[in-house]
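In what comes next, subunit A is part of two complexes: it sits with subunit B in the first one and with subunit C in the second one.
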Partner chain A sequence: MKGKKLRDPLFWIGVTYMALLLLFAIFGPLIPLPDASLNPVMDNAGRPHLPPGTPGALLGTDEIGRSFLQRLAYGARISLFIGFAVQTINLIVGITVGVIATFSKKWVSNAVMRFTDGMFAFPDILFAILIVGIVGASKVGPLAVIFALSISGWPSIARLTKTQLATLKEREYVVAAKASGASTAYLVFKHLLPQMSGIFLAVSTVELAGTIISESTLGFLGIGVQPPTPTWGGMINSARVNFNSYPVELLWPCLILSGTVFSLNFIGDGLRNYFDPKSNNS
Partner chain B sequence: MRSGGGQLVRALLSRFAFGIVSLLFISIITFVASDLAPGDPATYIAGEKASPETIQRIRESLGLDKPLPVRYVNYIGGIVKGDWGESYSGTHEKVSAILGRTMPMTLRLALLAIMLASVVGISMGTIAAIRETKLLDRGILSASTFGVTLPNFVLAPILTFIFCIKFDILPTTWETQLRGPLWMYLALPVTVLSLRPMSLLTRLTRASMIETLRQEFIRTATAQGVPSFRLMTKYALRNAILPVVTAIGTTFGFLLTGSFVVERYFSYPGIGSTTIEAILSNNVPVIQACVLVTGFIFIVVNLIVDILLPILDPRIREGQV
Partner chain C sequence: MSNTVLRVDDLRVTYPVNNGVVHALDGVSLEVNEGEIVAVVGESGCGKTTLAKAILGLQPTSGGHMYLGGSEVTKTTSDMAARVGMVWQDPYASLNPRWTISRSIAEPGDLMKATVEIPAVMRQVGLDERFTDRYPHQLSGGQRQRVAIGRALALRPPLVICDEPTSALDLSIRAQILNLLKDIRTELGCAFLYISHDLMTVRFLADRIAVMYLGRIVETGPTEEIFANPKHPYTRALLESAPTLDRLMHLPEPLEGELPDPKDIKPGCRFADRCVRCQEICKQIKPEATTIGERTFFCHNPF
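Coming up: the complex of A and B.
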């Protein structure tokens, strides 16, 4: 089982990519700029559309002369920060709901799961649009996006918790612990949740990819984190306008985003095969 | 048999009730959210320079001074009569007219995309299942993994680059005056929109078919010499198709989400781009109506799928499953 995970090259490609991306997100914005006009965040009238390879702006500059390399690094910060925050909230809310649905009275459980199913089935972008509608598009920051994406994100974790708990709590050691007088809280925290941590990690990794796509989608539509803060989605949107003349400018954000999404899926699949070999081809 | 039928009716009724509750839920959420949104309808209608008295008068005439539940009932009552309010911007066009103009555009895009996705997805999935673990199967599986993961707004520029810039055979964006046959303008948006559902349906059909092909009745039929094409379509696919039909309903959600991106990318004048424009200009009545209509369609499609299932599967119809 252990050997299987270690031999999966895609898993390690994903891990390497994400490690590099994390370093890029932390240190990328610190790459010194030889020229203040290349500033990646400010709205400035620098030298627009510099080609890749320009000193100080290795990947060139955008339509108002901001360095792509540093903008991608800022975008990585935003995407990773929002992604991790949303997944943390999803895990906390989803596990809580799943545990409540498993251990409470039948009608409570039914009501909770019906609500969860309803939320699960709903297209996440509708909630995001409502939130942005309330906040007003021009005032959207990372917090509003985190909120918008968590509202639709927790139900999948809640459903997973419920199905996992349903089988786990019938296991002999759990029944034994219960028979010897362990409280439900003790069972949940000591015996059940630790058993599920591997699956949660695998699922959250794949969902992190989904969150990053959603965040970029909002950015692309102009209703995500607002400019001048650089986001990958926002960069794709503005590069789209100049696509006919400068197709290469669209390449950078698309590449880094696709790489991230594929890497996270590789990691998630690797983790799932490692922790739960039975669910191999779903 | 009889009791099975009764169970089915009860299940369908409960499903129907759930649909109604969902509709109410989304309408309340949308209404409350719009109420919290910045901007006061009366000020919009009267104009920024209007006196407080005028604004107050408009507010009363619109019933905006009433408590929230009363306004909600009035709003729903208006919708039932076909009155969705007026747009804040431009010529204060009726929201119902905007919906009437954009909704058919989006439905056309979504229906074409789901049709393309179903035809290609089910065929590919079936072929992959028949050739399980062979090279063709691996190829289809990898392609579908790629298709599930690749965001729409990354695929769109790739296709635009190939078909509009490199070979220059398709137009890049929608135009008010179409300068060519309609299909040329629809080809790219429909393809981009269908990629994700297509990949999902491929994977699902494959998994479901593989499971079905392992069952005994297939072996029996093979042994009895049923021709293989007939065996695949009439025996195997018919049994394997159920989860796929359910999924066609649920992937409709991805289509709606995807259509926001695709419409915006190709400047396609549907409900997606209308919603985004409304958000960017803080046009609350339009946002409200668009979200509500999108949610309604989504709920109704899922309801139809659940009602269709027993018709497709006699086992459900007779209450055996």
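Coming up: the complex of A and C.
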């Protein structure tokens, strides 16, 4: 693995795109507005449907005069924040469950894994709709969306952890450490999890793309983070309404969303090939 | 008895399987004395590795006793860890690929809250000090096995178990590793339990041999006596199956018969189905130990 280089150009395209997107999410909302009526968040009824290229609203404005560029930046903040939060929760919960299932008694392990399989069977959107039903659509904020998407996200990580551990814990250096008196916690933290970090990184990157799609889907359906907070999904939905009169409105959020998903998949594929001992691109 | 490092007494290991029980170790008794190299030989699946794992506490036993340095060993692994070192079969798998050499060698010490003098250990196993901060993938197979041996010696245990330590190595490296093991025995006086199916290395290294067949020891004795005059028909068949220079061009007759189903325990000798000297009694009654001098064998009709 060491000495192997990541030469895959798609990987680097993805990394570049995501780096730019991160900068855009952090600094985009700080771009000064020449005119308060372009404010991307306020329901301010300024100058609707300005064409792209207008100073202060480079990508144009929506039907109530809010600048698309800044709205996309806010949407990027929401998408990335929710995406990273969900993946972090998935990793913590999934790894914990996988480790418990691997090292506990057989009936505990079976119970845990059957529960995981059960959770795996639910489509994430269905869960999200359920959560929204409980919370109430008008009160949905980032935390509710994170909760909804994490509930269905961790089982795949738990399964991955379990299958990986099943082979890794039989490796001779792990058995050797055990024979030298190592505790299970020592084996997990010193030998097993570090060995899996690459796979986790690759899988989480690809799943991050899925989470961002789900978050946008919820926004599109109107059950994600609620307006006036801009989300990519919400922007696509309002663009759908105005499509006949102002088609360019649909272009921006779709471009940035598909670019993000493509990039994350490129990065994930690159990482997977890099960490996969069977791939041979040294 | 004071100089007995390891005594295994009637050790039993059983695995439950779908429709019965497999007796992986069926009453194995063995002694290893101070500074002695004892080899356990036998074909694949005879229980050699199970024996090593049971001694290390990695394999739960269902009967028998183990004594290490005179005191009985209970099943806690940490009890064994400081007193038994282990060299594994595959030096490519027995070292964490992400750890430096020194970290791997120091691990037994870290686990036992003892300090390991890494430079001294590395000198002992013939590793240059410049390897300290290298990773396993930067080392050759022989060098890795030296690291693995160093790791086993780190706590200066009175007993080191080697599970086919040379089978994953090139022939040219094998001799080096075997010589290293002999040197270590001379310098440190530690005993070795050497598990192998390779009779040539066993003959070179071992003081005594224990021949195993299907979870039982069939014959033990001093190496040269066993090679010169095997008593048990299985030992003879095993020795004859090893190619030597004068027999190079005609391969030995393979053993007749199938390995018996280990679930299906017959009352008599376990080797009866394949034995050329099998008699009616062999199929009925389990042979008892016969001891002549330093040799012990379990056979009704020995050579």
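Just so we're on the same page, the second predicted complex is superposed on the first by the 272 of 282 C-alpha atoms of A that agree within 3 Å, B and C clash if a C-alpha of one lies under 4 Å from a C-alpha of the other, contacts with A are read in each partner's own complex, and residues count from 1 in each chain.
Just so it is clear, contacts are C-beta pairs under 8 Å (C-beta built on N, C-alpha and C of every residue); 3 or more make two chains touch, one makes a residue touch a chain.
Since we're looking at a predicted model, the values are computed, not measured.
Colleague: After superposition on the shared chain, which partner residues are touched by A:194: those of subunit B (first), subunit C (second), both, or neither?
Modeller: Only subunit C is touched by A:194; subunit B is not.
Colleague: May I ask you to decide whether A:216 touches subunit B, subunit C, both, or neither, giving the answer as first, second, both or neither?
Modeller: After superposition on chain A, A:216 lies in contact with subunit B alone.
Colleague: If you count the residues of subunit A that each partner touches, which comes out higher, subunit B or subunit C?
Modeller: Looking at subunit A, the partner in contact with more of its residues is B.
Colleague: Which partner does A:181 contact after superposing on A: first (subunit B), second (subunit C), both, neither?
Modeller: second
Colleague: Check the residue A:173 against both partner chains and state whether it touches subunit B (first), subunit C (second), both, or neither.
Modeller: second
Colleague: Between subunit B (first) and subunit C (second), which, if any, makes contact with A:245: first, second, both or neither?
Modeller: In the superposition, A:245 touches no partner, neither subunit B nor subunit C.
Colleague: Examine A:129 and indicate which partner it touches, taking first as subunit B and second as subunit C; both and neither are also allowed.
Modeller: first
Colleague: Write out the stretch or stretches of subunit A touching subunit B in their complex.
Modeller: Spelled out, the residues of subunit A in touch with subunit B are 114, 118, 121-126, 129-134, 136-137, 209, 213, 216-217, 220-223, 233, 236-237, 240, 243-244, 247, 250, 254, 257-258, 261-262, 265, 281-282.
Colleague: Over in the complex, which subunit A residues touch subunit C? Could you list them?
Modeller: 1-2, 171-173, 175-182, 186, 191, 194-195
Colleague: What residues of subunit B sit close enough to touch subunit A in their complex?
Modeller: Subunit B reaches subunit A through residues 18, 21-22, 25-26, 29-30, 33-34, 36-38, 145, 149-154, 157, 160-161, 165, 172, 207, 250, 253-254, 256-257, 260-261, 264-265, 275-276, 279-280, 282, 284, 287-288, 291, 294-295, 298, 302.
Colleague: Mind listing the subunit C positions that touch subunit A in their complex?
Modeller: Of all residues in subunit C, those touching subunit A are 56-58, 77-78, 80-82, 84, 86, 88-90, 93-98, 104, 107-108, 111-112, 135, 137, 151.
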